[in-house]
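Here chain A shows up in two complexes: once beside chain B, once beside chain C.
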Partner chain A sequence: MELVFNIFINGIFYSSILFLMSAGLQIIFGVLNIINFGHAAAYMLGLYICYGIIGLLPADYPALLWMAPIGAAILVGLLGLLFERGILRFMYKRDHVFQILVTFGIVLMVDDIIRFYWGGYSIGVPPLIDSMIEYGNIIYPVYNLIIIGAAAGLAFALWFLFRKTDIGRVIRATSLDEEMTEAMGISVMRVKAFTFLFGSAIAGLAGGLMLPVTGGWPGVGMEYLILSFVVIAMAGLGSVNGALVTALIIGMVNSLGVQYFPKLELAFVFILMALILSIKPSGLFGTHKS
Partner chain B sequence: MKKESGFSRRDAMKLMGLGTLAGGLYLTGAQREALAADAPKAPFKLAVVAFSTGPATSYGYPGHEMMELLVNHYNQNGGLLGRKLELSKDDEGPVAKVVETFKRLTQQDKVDAILGVASSGNALAAAPIAEESKTIFINTLARTHKVTWQNPDDPTKFRKYVFKAVNDTIAHAASAALACAKFFPGAKVAHVHPDYAYGHEIHDIFDTVLKKVDPKAETVAELWPKLFTPDYSPHIAKILSTKPTVVFNSFWGADSTRFADQCIQRGVAKHSKLMGDHGEFYSTEKRPLPKELIGHPPFPVEGLPTAPDPNKWPLNKFYYDMYYQAHQNATPAGAAFTGAGFLALVAAVERAAAVTGSWPSNDQIAAAFPGLAVAHQLGWSTYRSDGKASTPKWAGLYKEQKPYNFGIDQIYHIPMEEVCAPPGEDPLEWIKKW
Partner chain C sequence: MKHLSGLSLVIGFILICLAPFVAGDFTVYLLTYAMLMAIAALSVNLLLGYTGLMSFGHGMFLGTGAYVVALMGKYAGVHSLELLIPLGVLASAALAAIVGLFCTRQIDIYFSMLTLAFGELMYALFAKFYNLTGGTDGVRVTTPLLFGQPVDSGMPYYYLALIFFVLCAAAMWIICKSPFGLTIQAVRDNEGRVGYLGLLVMKYRLIAFIISGAFTGIAGVLLVPLTGHAVPELFQTITSIGIVLMVILGGHRSFFGPVVGALVFVFLQSKLQPLFFWQFFLGAAIICLVIFLPGGVLGGFGLWARKLIKKSS
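Moving on, here comes the complex of A and B:
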């Protein structure tokens, strides 16, 4: 029973991390049609800005610590907007290679800025809440449950945004046909800018929330970006629902793999990806032909 | 009388005779003055090559910091035997970058000595370049046992210009096995190691030695997360299900603290002892050792801020204070190791100068390494005929010790002759003969 619970909850937790990291990436690709390596920089900035805010907050009021990841998300979103307006919008018509070079370049720049400002060492903070749930031999940190809750909340919020609000409909319309959306009197440029802000903020939030779990170091974003690309490749480029389902699949496969075939834990995920892409090259939920 | 818990005061006094600055044994004050007066005007060029970016920064970058402090310290005090030191610093990066850096340093910049290199693969690629150009290379961070061998398959022929300042992986893992057998006899061990050569080697050697010194010990889990895994929850579930006495891990940098944090959060530290470099890397992150890890064993190491006892071993206090004043932090292992390598170089220069009566050439400095004894922050090292330093290791259990981030209780001082293969023998084969 204890083992089954652990395998299940660990799979869900890992899925949550993957979804938090890949959701913004999917949204940005869906609307801007850009493979945004810069997402790694947004994640990294979220993590370090959260660390900086925690350092500024009074230690006597632990409840205030929750402001840190939210503050990080807002700041990273605004920085993302600045990047989109200042640089990225000039790349929309360019080849994907240029886009990758520019977005990868921002990762290197942010990496250097972080090292300059915070130093090259790894950083870490204790969980924002250190309570545990204890049931028999099972001990599980409440903070991990909060991350699971945050991922679930984000999935619901994205569903609500895209399916139930006008803004969501406009974003979906833009992703389907930019010219038609423009003809309807909607500024596609604004939609793209808002989407990039939103996607970056999600990455910033993910970084801030993950700081107490994983710590950070310059370059940390690239570690997670690779996993995020696995998620979106399997899901199909641009599909947020697909990212959720794929993250759940990868999380559970990883949890089971580590338990029963620890020497092959990483292989399982990539075998699964190869299998899915060989059967359905556009991914499980993908419609893009490229 | 030598005590098991450390070394005697007599030992300390004897070793302190080597000089508060390394090399003091080899020259008198008058000889130093004479050598300084005739010292070449050109600076003695040093380079440090160690990670200053990426996740290995915690291990590599302190080497940059320590070299900067030491070079400034020497230059403010008249240089090395009257010769100014000039330092260049390079990021280590992947193997292709290291090769390019070593070629530039040896052929273009013509440095006299290079210190550092944290990755074993990088060290093995860099060593032939240094050897070919007759540039002294002191590998201060990587643990590969082959770096001083002329040929990676032949342990009997040694390089003349390549030296190793820290004990190799074999001595490292064997020390951990001895400590495990001493403190937790009959342990049920869960192994969790990063899935690359270093992690596998540590596992294999630990397992081999533990089976020999404690036949009742058993392995209950073997887990291989990739380097820089963000979340160890699945591995921790496996650990919990196997109910080990000891969770032995060879993580370093952020991996080490992240793994320990997650183990503590999931209650592993309540039921099992975590054996790893945790204290070291919490210190690097400027975090106190979590109270849950008090009483747990560190991975035995060549030295720590509290071992050798800074009250009995002034070099530990001197260099700790030097680093602390500059960086408001305890000396990380990468800094202390690199400092030890630098002081070995200083000692070799002085030893060679004592013989030649003048500022020695690189050939003469290199020839002075075998048999060299050097005192440094971590204790003392003796350089063997194969170019490797033998440095005693400290084991024990974590304890609170203010003002340091942690101290070591029940100190077990591991003699290196027990865990280091003799020069000329392949350590992996030697360990099988135990």
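Moving on, here comes the complex of A and C:
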């Protein structure tokens, strides 16, 4: 019973991280039509900035610590905006592959900046809440539950944003037809900038929240980014709902794999992806033709 | 214009042939390394420049070739290159066939992302089965034999690499100019029309992918005796993107662009890596190149030469 519960809750936890990462990727792809490798940089910056803020905060007020991931998310969002305005906007008319290369270039640069500023060794902090939930034989850290809650909250917030508010409608309109949206008097440029800011901020938040769980080291963002690629390729590019479902599937598969075949956990995820993509090349929720 | 590029090709080739007599040991090492990477870059360009697919996973073929040498040496005691090269080609072509079956159904970014994912999967497998592969420490490789004779590092290995570089480049040149090569270029330019002609687009992409993987496998086989180590990092995205960068740096629109790119990249890397900020410069270089010099070094040189000719005439 505990085993089943552990596999389940670990799967959900893993899915939450994957969703936090891939949601931003999907939103950015939906509007900008760019696969943003820079997401790895945003995750990493979120993690390290969160570490920096925690170091600055007074240790006597544990409640204040929650400002760290939120502050990191805001800062990373603004840095994302800087990148979009400064570099990425010159790439909108170019081949996809070159857009990818540019966003990969920024990952390399951020990697080295982090190594320069924080050093090449790994960092870590204790959980912002170190209490455990105990129920019979089951013990689970509260902090991990908060991350799961954050992912669920994000999923709800995105649904609300895209379906119930005008901002969301404008974003959806832009992703469907840029020219038409522009003709309606909406500045597509601003929508793109805002979307990039928003997507980067989510990645920054994910990084900040994950700091106490995994710690950080230069290059940590890339590992999660590659798994998020698997998620979004399997879900179909641009679909946030798809990312949620796929993240849950992959989280569960991964959790089962870790439990029973620890050396092959990744292989299972990739075989699953290969199977789904060979049956439906556009992904589970995708619409593109290939 | 045509005479100019032909002339520079001949001069470049003569320089490369004579280089070990004038250059120091380290420069010879770098040149050997650059030539092997040039084989890989040419085969990546077979996909990027000619088929229109950007692979972010060609490191996996480099790694496959490398581990064929390392594991055959470690477990079967095979050190002769005349056996290892066909084996490496077979192994990487087989891997390319399997991976290609999934990847070549996709185009554009979808293709890039899938190749990247498969490359990382290979890395994970080779890093995790450490009993067999030595994990992240990798496997040491000894001096290889060719027809029973050991090929020492330095000048002998340089000429071996040169011979294989010329052979591979010639083979790829012929492939690009053959009807098959023209067909993949047609697939790149207008996939729909090729389909209307009754040709199976996916089949051509798959074959191009397998050929490209096999050539990269040769580069992998020859790379490890030079560095003395087969490491799983060869499979990783950073290696794959390094090769792509060589192609872009040299210019993916011309056949020999990737060779120039590999030379420039390897020498820049050896100068900059000891500095603290190597990755930073690399990233900045990628961004500047893509924005300001999309044709690469050769593309830029071609523009400049054309302007010069116009002025003089």
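One rule holds for everything that comes next: the second predicted complex is superposed on the first by the 286 of 290 C-alpha atoms of A that agree within 3 Å, B and C clash if a C-alpha of one lies under 4 Å from a C-alpha of the other, contacts with A are read in each partner's own complex, and residues count from 1 in each chain.
Note that a residue touches a chain if its C-beta (ideal position, glycine included) is under 8 Å from a C-beta of that chain, and two chains touch if they have at least 3 such contacts.
Note that the coordinates shown come from a computational prediction; the quantities given were computed from them, not determined experimentally.
On the superposed chain A, the positions of chain B and chain C overlap enough to count as a clash. Contact with chain B, but none with chain C, is seen for A:210 once the two complexes are overlaid on the shared chain. In the superposition on chain A, A:139 makes contact with chain B only, while chain C stays out of contact range. When both complexes are overlaid on chain A, the residue A:58 reaches neither chain B nor chain C. The wider contact with chain A, measured as residues touched, comes from B rather than the other of chain B and chain C. Look at A:185: by the touch rule set out above, it reaches neither chain B nor chain C. By the touch criterion defined above, A:86 lies against neither chain B nor chain C after alignment on the C-alpha atoms of chain A. Looking at the shared chain after the overlay, A:111 reaches both chain B and chain C. By the touch criterion defined above, A:263 lies against chain B and chain C together after alignment on the C-alpha atoms of chain A.
Taken together, the two complexes place residues 111, 115, 263, 266 of chain A in contact with chain B and also with chain C.
Interface of chain C with chain A (complex): residues 48, 54, 56, 101-102, 105-110, 112-114, 116-118, 120-121, 124-125, 128-129, 237, 241, 244-245, 248, 276-280, 282-287, 290-291, 294. Against chain B, in their complex, chain A makes its touches with residues 2-3, 6-7, 9-11, 13-14, 17, 111, 115, 120-124, 126-127, 130, 132, 134, 137, 139-141, 143-144, 210, 212-220, 223-224, 227, 254-255, 257-259, 262-263, 265-266. Chain contact summary for the complex, chain B toward chain A: residues 52-55, 57-58, 61, 195, 221-226, 228, 230-231, 233-238, 240-241, 253-254, 257-258, 261-262, 265-267, 281, 284-285, 287.
The part of chain A that touches chain C in the complex is made up of residues 35, 87, 90-91, 94, 96-98, 100-102, 104-113, 115-116, 222, 226, 229-230, 233, 237, 263, 266-267, 270, 273-274, 277-278, 281, 288, 290.
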